[in-house]
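Dropping the structures in below, format is structure tokens.
Each of the next two complexes has chain A plus one other chain: chain B in the first, chain C in the second.
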Partner chain A sequence: MAARVPASARAGGARFAQFKLVLLGESAVGKSSLVLRFVKDQFDDYRESTIGAAFLTQTIALDENTTVKFEIWDTAGQERYKSLAPMYYRNANCAVVVYDISQAQSLDKAKAWVKELQRQANENIVIALAGNKLDLVTENPSKRAIQTEDAETYAKEAGLLFFETSAKTSENVRELFTEIAKKLPLDQAGPRNIRSGPRAGVDLRPEASGTQGAGACSC
Partner chain B sequence: MEESKESQKESGQAGNGQPSPESSKPRTPEQEARIPGNGGNGSSGTNVEGREEAQDNALVAETISRTVHSKDSSEIDRESSAETPPPLPPRPVNLESTDAQNTLHLSGKQARPKLQSHPTTAVSLTDISTQVNNEGIRETYPSTTGGLTSPLSVASQFNNRFGSPKSSETEDTASIKSYVPTLETGGDVESLLGEVLGNGQQDPAWRFMTAQGENQNAADELLPEDAAFEKDFQKEFKELEAINAEGTNEEAVLDAWTSRMKHFLILSAAGKPIYSRHGDDNITSGYIGIIQTIISFYQNADDTLKSFTAGDVKFVVLSKTSLYLVAISRLGESDGQLRAQLEALYMQILSTLTLPRLQTIFSNRPSSDLRRPLSGTEPLLSALADTFTRGSPPTLLSALECLRLRKSHRQVIDQTLLKTRTENLLYGLIVAGGRLVSVVRPKKHSLHPSDLQLIFNMLFETEGVKTAGGENWIPLCLPGFNNTGFLYMYVSFLSAKEDENEDESQRPSTSSSFNKEEEVAVLLISPKKESFYEMQQMRDDVVEQLQKNGSMDLIKAAVRRGRPHVTDVVPGTVLRHFLYKSKANVQFAMPSFEPHFKGLVARRKLLSIYHTLHANVHSKISHLKVHYCVSRDSISLAWTTPLFELYCVAGPSASRGALAQSANKVVQWARKEEERIFIIGGAVF
Partner chain C sequence: MEEIAPEYDVVVLGTGLTECVLSGVLSVKGKKVLHIDRNDHYGGEAASVNIEALFKKYGNYNAGEEPWKKYGRVNDWNIDLIPKLLMSNGELTNILVSTDVTRYLEFKQIAGSYVQQGNGPKATVAKVPSDAGEALRSPLMGIFEKRRAKKFFEWVGNFKEDDPVTHNGLNLNTCTMKEVYDKFGLEATTRDFIGHSMALYLTDEYINEKGAAKEAVIRIRLYANSMARYGKSPYIYPLYGLGELPQGFARLSAIYGGTYMLNTSIDEILYDGTKASGIRATMKERGEEGDGMKFTTKAKKIIGDPSYFPGKVQVVGHVLRAICILNHPVTSTDNSDSAQIIIPQSQVGRKNDIYIAVVSSAHNVCPRGYYIAIVSTIAERTSNHHVELQAGFDRLGKVEEMFLGPPIPLYEPLESGVNDNIFISKSYDATSHFETTTDDVKDIYRRAEGQELVVEGLREGQNLVGEE
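This part shows the complex of A and B:
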């Protein structure tokens, strides 16, 4: 801990903010692949399912004065992990809800997540909808199961950021996270999100609003 | 508490001579019925009692054709003949007479085949003339002829006894025979028996000399190359291709499927497929139907099917909580060993779901498809299955392996864990090089080896954890600890961290491409699902302290050193490898597999030797303390006392004396190093 340079040590007008981001979505839509592309700029053709949830960090520079650090919860998509989800999104500043553009029902699942987030998560949470596996459709347009317009219309209605992404070709991955960072309230973030100590950005206490309801086990 | 559990388990699965509930069960009518007839009864082709079963690869094809007449069993017969490719080579008509000529030391036994106690230990008694006294091993070998125990003699003696009242309990002899295919030819019946029975049988004396000659030639080659086995075994882990839409490759895929040496199938009691190591539903559904029919046939008769053998293939069935787990193997493990492997797969399912959840699923709807609630668990099951197929000392011994460290060094690490322990911690583990470095645990709870096996399997054999190289927070049930609820495990691999001082990369998220096996991992297990950040804080504290007090460097150095070579343990020894299990600590130690057992196949063969030794000394009926085993390729020794189990293997040209002497040296080494190679007590709070 001692090695960590507190935010205040940074030069003059530089801003450094830290945000908690959670990825949600059906299993096998490519959540981990998106994160891997974003964090390490890598892609594996074959990935095993995430077990539980993985916690990663990645820092991006928005401009020369502004650095944003994401603390990313990459959750497993299986039903049985659903009861854990509230723990990950409870204090999240932003969420990426992922679906697979070649799988029709994955958007339904994504919509359910969005609903749950809007009901249960932080009031000001920034939600982005990501239609992943764009590369499949570029190769073979007949594989597309969800039209861009349909998803886009829905995203607009629900007030979400929207991107079609490919973790494989890295198309729109960086853009997705950058847009989220831009939309986050850097200025109003105040001390809560400005890194002043190792744990400042993380609040374990349950939110006042009911986090139990729909988040509970759906089994 | 754990120790008693452990010993119970051991006696349950391997039978170290103690009476177990199973063996005290009255005999079933089927079993009684098959004894005299050995042919008339329909169920006699399969073994219904849960004993360690007699298995004889050469024998069973014959047995089946001889004994199976009823409808159900002929189904087995048909299936097995479909699966086990070539017919057996011709067998000699009169095994008894050749046997008598072939192995002198067995002749004495022939005179009293009716005795109940002797036939089961007969082979062992003649083979093992070593006597243990307090000083160690003193050898007396009056009966061995040239030290050659021929598999044939075992087989034929076994054959003699097959019709005897104890035939279903002759696990010891069975396993002696059972190493033959794995050791010498793998699952290939033709080459196995072609060599042993085909040639040698015709002229025992000639065969005897041939074997001797080979022994000398192969003096430096403990495990001679075996092309057939090697080829098959290399293919073992390849994924099968799918049957294409037209079905044109169906036959090829089926061939590939049946040529796998080991299968694991899991199905629900209602017959729904849940998991198969090889092949998709198109291939397995038919077999699953057959297996379900066979199992439920016995289930309906209120008599659980435990295992049966067809040709060189052994089928072991474990029924648990509306699940049937089936192992199908031609690698020559004993029933108990295969059952332990199935138990581990079952534990993995419990670890994903917990027992109450599993029960609820099936009590609500017996026809439930368990694949959905289990989705994502397949890689874990397959990793376990492959570990068993490759051969795994921890599984065989039900014990943990620890990183060798000086006692004082380990104490420092223990103290660090105790000092940094947070309120909600249940277990804290430091793992390095795939071995345990230190454990911090509550006084009341020790860590169960089967739980640790699940954790290690998850961390080191699959890619699911450490996705993108971050920290993980994993809900899991540790069935050995408590099979009704979840615990939450914080996992952090540390290697990436070591040289990073830049604050932004403090979390181990950015580095990649390093070998998991060589990493240091901190595992912190808590009953509270919200305690991730608490565990993360503890991890940071632990790592900081370990770096400060130099322990981290010591751990890394120990990992880099690797396991000692066997000659480092006993200078100048004839031993090629050994396993030493400390029973009290439920831990084992072993030297490096190098230089004698490089590669997958060599290791599998070595593990097969260990499996055989283990099966023999854990046979329920033999009460063996020392077991000495000679084969064409190796001589090996198993030695059990209340304190330890030792298994060691030397080249074929080594002398018994040298082997015994080395075994003693290993035991001395283990005693001297006890506090370095094992975690004694650990950090307890």
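This part shows the complex of A and C:
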């Protein structure tokens, strides 16, 4: 892959880095809900599971000097009939693979998605496994279909971060994204094409027209 | 697996660019769209493929060999099956910006736009001049011709369609382009590069067609304005290849609720009288056991590419196309990482131009050190197609690998779709850019929706779930 322009910057000791994060997992496990909780601190019981949050960003301050910005790509439902495009995986720096702890099948599906990521995404992608809908189990332990130890053992073997989460109560949601941020290589960050970020290529927006001489393109 | 809805406003068949743009636009406008492709990938005939897939598609190696292995990691290759470039001021750029699909893509300039004069060893390849200043420096013209060309470009630059004062006493709605060229006293070779490398006509038919002058002037202006936008050439190209374009519009469609199904074949188009009313289909992954998932759904309309409707399309021509892998830049292109070279038909005794599109690792379509050059033209004879492309091959120098298949038929629908509710796109034509593709998008939209497609402000007032 050609070198990309790093989207990390250092100004007066402060560090700012930007990463592309993708969500994967079976339909209805709560991917979009996790994003909504993380980005807007909201939850909606009756969300139609088909309509995905399009393209969201959220920043996390790791410490006084370090800010990580996630450019979050939700599946937009294209996972449902296994129709995700290569574009989705391209240049992803990190991924959250989600399963539903009340659905026995969903961890196997998550494992398959991890394999798919390893096949299609960057070699050094940071992957977190999230067992979602923890609130259901807290309320009624008999609803648990996947034991914490089983998922944890798998995550360890596969080298994944692991959390049980609830998009509904927000339990562990922030922790999940924070741990990912900590594991990312802050000095060589950079997804492409966030609107506010530096871009390697030409800017198509009308206001950019005429302002880019031959020198403005990265060659 | 969740149930497929019993009815959709639109079922779209095929994930080529035309279909994906329409799917995206219709979803944004609130239509319930089901988008299907029989393949396991997006893009259909216009996909970008890796080098292993390319060898396998053309079958140009002996059984047991794995020739792709000497070309590095196969996934570092994204080779377009159909070469096209975006005009940076063209309609596709406009649609990309209006729909915000630019969020998912990154573009780079094509480093140069060239035209050939003469044939064989004596041929000159030079940059296409696009304004009065460049005309004066161009080796394509002698000293007096340069001044005439400068006058012509100044006139084109000042031309305003609705201001007759700028029309130089010509009625462009009725006159021919020949009359325009005559008025400026331009020589045949100058007309050639203007008509073919700027107006991008494939043949000389436009010259004597009455009333075609306005269209020609508008095309030259598009070229010049596109050129002025970024500086090096009028063309831009998406990193990772053209296959990113349909994927980007498919994502747009999905975000607005469109449902996507790859690996799905259409078993039957269902009719209600003469009008299509639904589909019967099967989703089955390659290698999957069993019969797959069979389903039936109703559709108010069906949109699709010609391959889904063999009985409803006709062949209107054949394109010849050779995909060439080089390990050096193309000569006479100033060692550019990318270029478009046009060989006007008259220069090499043909009726149709030969196009060469070159991209390289600068566009993340191949490993460092490689160049992908695609040579294409419209077939004019029934055999020896290799010979028809020879003038293009002469430009390339040493070729590591060539993929040349049989002539590729170009299809067009027989009917508009008003009678059967089936709205069929055209094959990607032999032009080097997407302007005809977006014309087709607009034409299908008009036929299917009964109104003009306006992309400006398409997403304004649309409440996108979760948008910043």
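Here is the rule we go by: the second predicted complex is superposed on the first by the 166 of 219 C-alpha atoms of A that agree within 3 Å, B and C clash if a C-alpha of one lies under 4 Å from a C-alpha of the other, contacts with A are read in each partner's own complex, and residues count from 1 in each chain.
Definition applied: contacts are C-beta pairs under 8 Å (C-beta built on N, C-alpha and C of every residue); 3 or more make two chains touch, one makes a residue touch a chain.
As the structure is a computational prediction, the values presented were derived from the model and not from experiment.
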| item | value |
| --- | --- |
| Which superposed partner A:59 touches (first chain B, second chain C, both, neither) | first |
| Which superposed partner A:80 touches (first chain B, second chain C, both, neither) | both |
| First, second, both or neither for A:27, with chain B first and chain C second | both |
| Chain B versus chain C as contact partner of A:131, first or second or both or neither | neither |
| Contacts of A:69 with chain B and chain C, given as first, second, both or neither | first |
| Partner contacting more residues of chain A (chain B vs chain C) | C |
| Residues of chain A that lie at the interface with chain B and also at the interface with chain C | 1-2, 27, 32, 35-36, 39-40, 50-57, 74, 76, 78, 80-81, 87, 199, 202, 204, 219 |
| Partner chain A, residues of chain C touching it in the complex | 1-2, 41-42, 76, 88-89, 93, 96-97, 102-109, 228-232, 236, 239-240, 243-244, 247-248, 250-251, 254-257, 259-264, 283, 285, 337, 361-362, 364, 368, 464-468 |
| Chain A residues touching chain C - in the complex, by the definition given at the top | 1-2, 27-28, 32, 35-36, 39-40, 50-57, 74-78, 80-83, 85-88, 90, 192-193, 195, 199-202, 204-206, 209-210, 212-214, 216-219 |
| Touching residues on chain A, where the partner in the complex is chain B | 1-5, 27, 32, 35-36, 39-40, 42, 47-59, 69, 72, 74, 76, 78-81, 84, 87, 198-199, 202, 204, 219 |
| Touching residues on chain B, where the partner in the complex is chain A | 352-353, 357, 372-373, 375-376, 379-380, 458, 462-476, 489, 501, 503-504, 506-507, 509-510, 512, 529-530, 532-533, 536-537, 540, 544 |
